[in-house]
């Protein structure tokens, strides 16, 4: 069986539209140093570094682990770079955890980031060559039809997406690192914003952010010496499926269902809604909250919107989702998945500050990417498994 | 052309270039260096162990520790610690005649800077000049108009023509055999797919394999240009390919196909598009056809009755 | 550690020019072949290495998934690095004990753009990339530093290239390149065209298996007795280019090169063989790059993985008992991976 692995340090930068005050290395080092401080360690204490980000076209630095190696204290050490599209922040954490679970290393620094302000996200995500069969560009154009399909299938009323948009932005007001802070956010405010890709309104989408998130993962021995309470990894899982094939369910993708089943099995969870205290789930368009509630087994198919409507996912609900404000409030794309994983860890460490869910002992971190085809998840807990 | 380049004379057909160039914030250490450089000064930074890094970075490359805030004058004279000679410069290189790349350690620094070293006029293909040696002493040649970039030093040593260094890469891409065949069909107004031997579904555009079963496919099937909208979005952000805003992007299940294609729908007000609506491809005039999906402008309603949701629900 | 072995290796017949195949089409037959050879169609873990800049568009690895048959959904990851690092990730994953097999693959086409210039995009974006310095020019700086430091004659480089090309002609997967000419000019002095790995399109795959599963899938598994990778500072001016301390360190962590009969080294430039031989303490008796090595075929992102596959093939073919494979990444051998394999399973 895998060796125990704990999160002993978490560090984040403030998420902002632009961070013109730092270099790329400076941005990563800011998050990494905070994670090291939390873990009571210095650069030289680290055995290996795992970094992750979305396509290199964002910053125009190809295979940036080379340029960043010594900036992250990795001279004489192993450094790897993970890329699994939007799920990458989560996959990167899982790969870093794997280095500890395998017994190869005792202290691994993992960092994910995006500095979107160096170029333009739509350009970087949709540059295509002369051979393309798609007639549509942009993430909204891709995902909006699936949201419409969900609404039709489940019979969800139109205002559910608005409720999520309000709830996550209210949570963001309690998170010092969050990017979008909209005092007085309300349904009326969200509904007054234009439809970008109907049925998605402007305030039902995520922002573009600069930012980095880092964690220090540790073996049992190393965790014993950590100054702050660790979060223990109870399970990690990843799943991928092709983007286009006959019979693919794009509303409730099998990859997500299988990934959740795998991570729950490892953590011994049979009833996620009851056994998980708080979840940080990748929701870049508000409607993905009810869709993922179903995909992740928090309720039956077609029932997700009822949980949202009934307030179950609010900070004071029985299963708070995205207490941090989520991707809807901060979205440095390559880091967004790791932020979910890190916020889950902060919750079970009791270190989430104003957005702490009281008594959280077990938390889910979730990320997805591509055409809702790449999934990465972990379960962390306050107790050693 | 250097021999490690593509040996093809075909024109490139794809350019990767972020319009206007990336906007890089440089942070305090690189920023200080570049600001001093713009003023014509070379500054290194001291590490906690007392070494002087040049060019300065925010961290000790050996330990990852922050550097101190002590900036130190170095150079401007420096020593070549290694060099290479470029007999045939690339268009991305800073000089258009033979020159050297050199690692140069300015006096007072403990590390070296990489830069171009100009040794005068040479014929293309020239051998390295004899005076080019490790240990050679060199000075920066400053650009008259400096902007705060590593190119503020034109090069080390005499006269030179500077070329911009754009981040532009050119490619000769191949779509692959399956896609070539598909586009060949589209060029003739045909939509081709492959039937998978295992699942029996028609994959369009075909890829030469079934992504679901992971097996090769080769049985060609011609599909009609009619189909059904399974689900769609109304886009209110402009797209160069769309006729107007708002426009509709839709997943269309071509008749006989096993999976949907993402395409534009037009010829109907956006708020009247429906799931289950029957559509037909709107082709450009035949004389405009090329080997490209652009031959189909978009899909338009056929006017047939809508397909019931039950019949399309397994395709969303 | 849990015993893990290379049980199968497949690669394309690499081409020196564009054969009209997409990256996915290059890869698909290799995946089909390795599934056929192992009889395994579902792997416990899958990991790949690729690079978006080779085609100048994001998400190369997404379309590659079509070649794998990722249905039902698979447990999968991807590194935007040479697939040797994907193999490392898979080896780590197999150490958990939860899964017993892993599929690893890498693919790349350098025929579609000038790779030495594409490589420029991987350099420090403030000090190096703006200069437009390319991969060959940087390698030539290291070659100069090494030749001068060790007082080695440039002619030694030509010997290495000539041997690589001769070995490549005996390898059906490699390019078949002529002997170096006598008066080839410099590409970037001191490197001549034959000292530089050729433009290559290709793909490769490896199947790893643990313990009994490895014995079941292969007659002679190539047991990984040690694998490790280490990095150095990025700026060439911050390093001593005459040696490769990160290779030396990785080899030490991987259990050392003692007793190795064959070494497959990721030498994209002739002089790198000399630097790596020094770093690995390889004696004259060690056969280096009997496949021809990267100087005879360099499908980037698969080249490092192919080193592991070619070295493992010496064990499965029964011609060697202990072998070493090396992969590199970054300018002037910045990052290095060493994988030592044996026909004998180690005790862990």
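Letters A, B and C mark the chains in the order given here, with residues in each chain numbered from 1 onward.
Definition applied: a contact is a pair of C-beta atoms (placed from the backbone, for glycine too) under 8 Å apart; a residue touches a chain by one contact, two chains touch by 3 or more.
No experiment lies behind these values; they were computed from the predicted model shown.
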item	value
Contact-richer chain pair [B-C vs A-C]	B-C
Distance-maximising chain from subunit C - centres being C-alpha averages	A
Closest chain to the centre of mass proxy, which here is the mean CA position	B
Distance between chain centroids, defined by C-alpha means - subunit A, subunit B (Å)	26
Inter-centroid spacing, subunit C versus subunit B (mean Cα positions, whole Å)	24
Rounded Å distance between subunit A and subunit C, as computed from the means of their C-alpha atoms	32
Contacts with two or more other chains, residues of subunit A listed in rising order	23-24, 57, 59-60, 70, 74-76, 124, 127, 129, 131, 242-243, 245
Subunit B, residues touching no fewer than two other chains	14, 16, 22, 24, 26, 30, 57, 61-62, 167, 171, 173-176, 179, 210-212
Two or more partner chains touched - positions in subunit C	22, 53, 55-57, 65-66, 70-71, 118, 121, 125-126, 129, 233-234, 238
Touch list for subunit B against partner subunit C, complex	2-8, 12, 14-16, 22, 24, 26, 30, 34, 53-55, 57, 61-62, 81-88, 90, 92-94, 101-105, 111-116, 125, 127-128, 134, 149-151, 165, 167, 169-180, 207-216
Contact footprint of subunit B on subunit C as seen in their complex	16-18, 20-22, 24-25, 28, 31-32, 41, 53, 55-57, 65-71, 110-118, 120-121, 125-134, 136-145, 148, 185-191, 193, 196-199, 233-238, 241
Subunit A-touching residues of subunit B, taken from the complex the two chains share	13-14, 16, 18-19, 22-31, 57-59, 61-65, 167, 171, 173-176, 179, 182-183, 196, 199, 201-203, 205, 210-212, 230-237, 239, 241, 246, 249-251, 257-264, 270, 275, 292-293, 296, 298, 309, 313-316
Interface residues, subunit A side, partner subunit C - complex	1-2, 23-24, 55-57, 59-70, 74-85, 91, 94-95, 98-99, 101-104, 124-129, 131, 237-243, 245, 253-255, 258-259, 262, 370, 373-375
Residues of subunit C that touch subunit A when the two form their complex	1, 22, 46, 51-53, 55-59, 61-62, 65-66, 70-81, 85, 88-89, 92-93, 95-98, 118-119, 121-126, 129, 228-234, 238, 245-246, 249, 329-331, 334-335
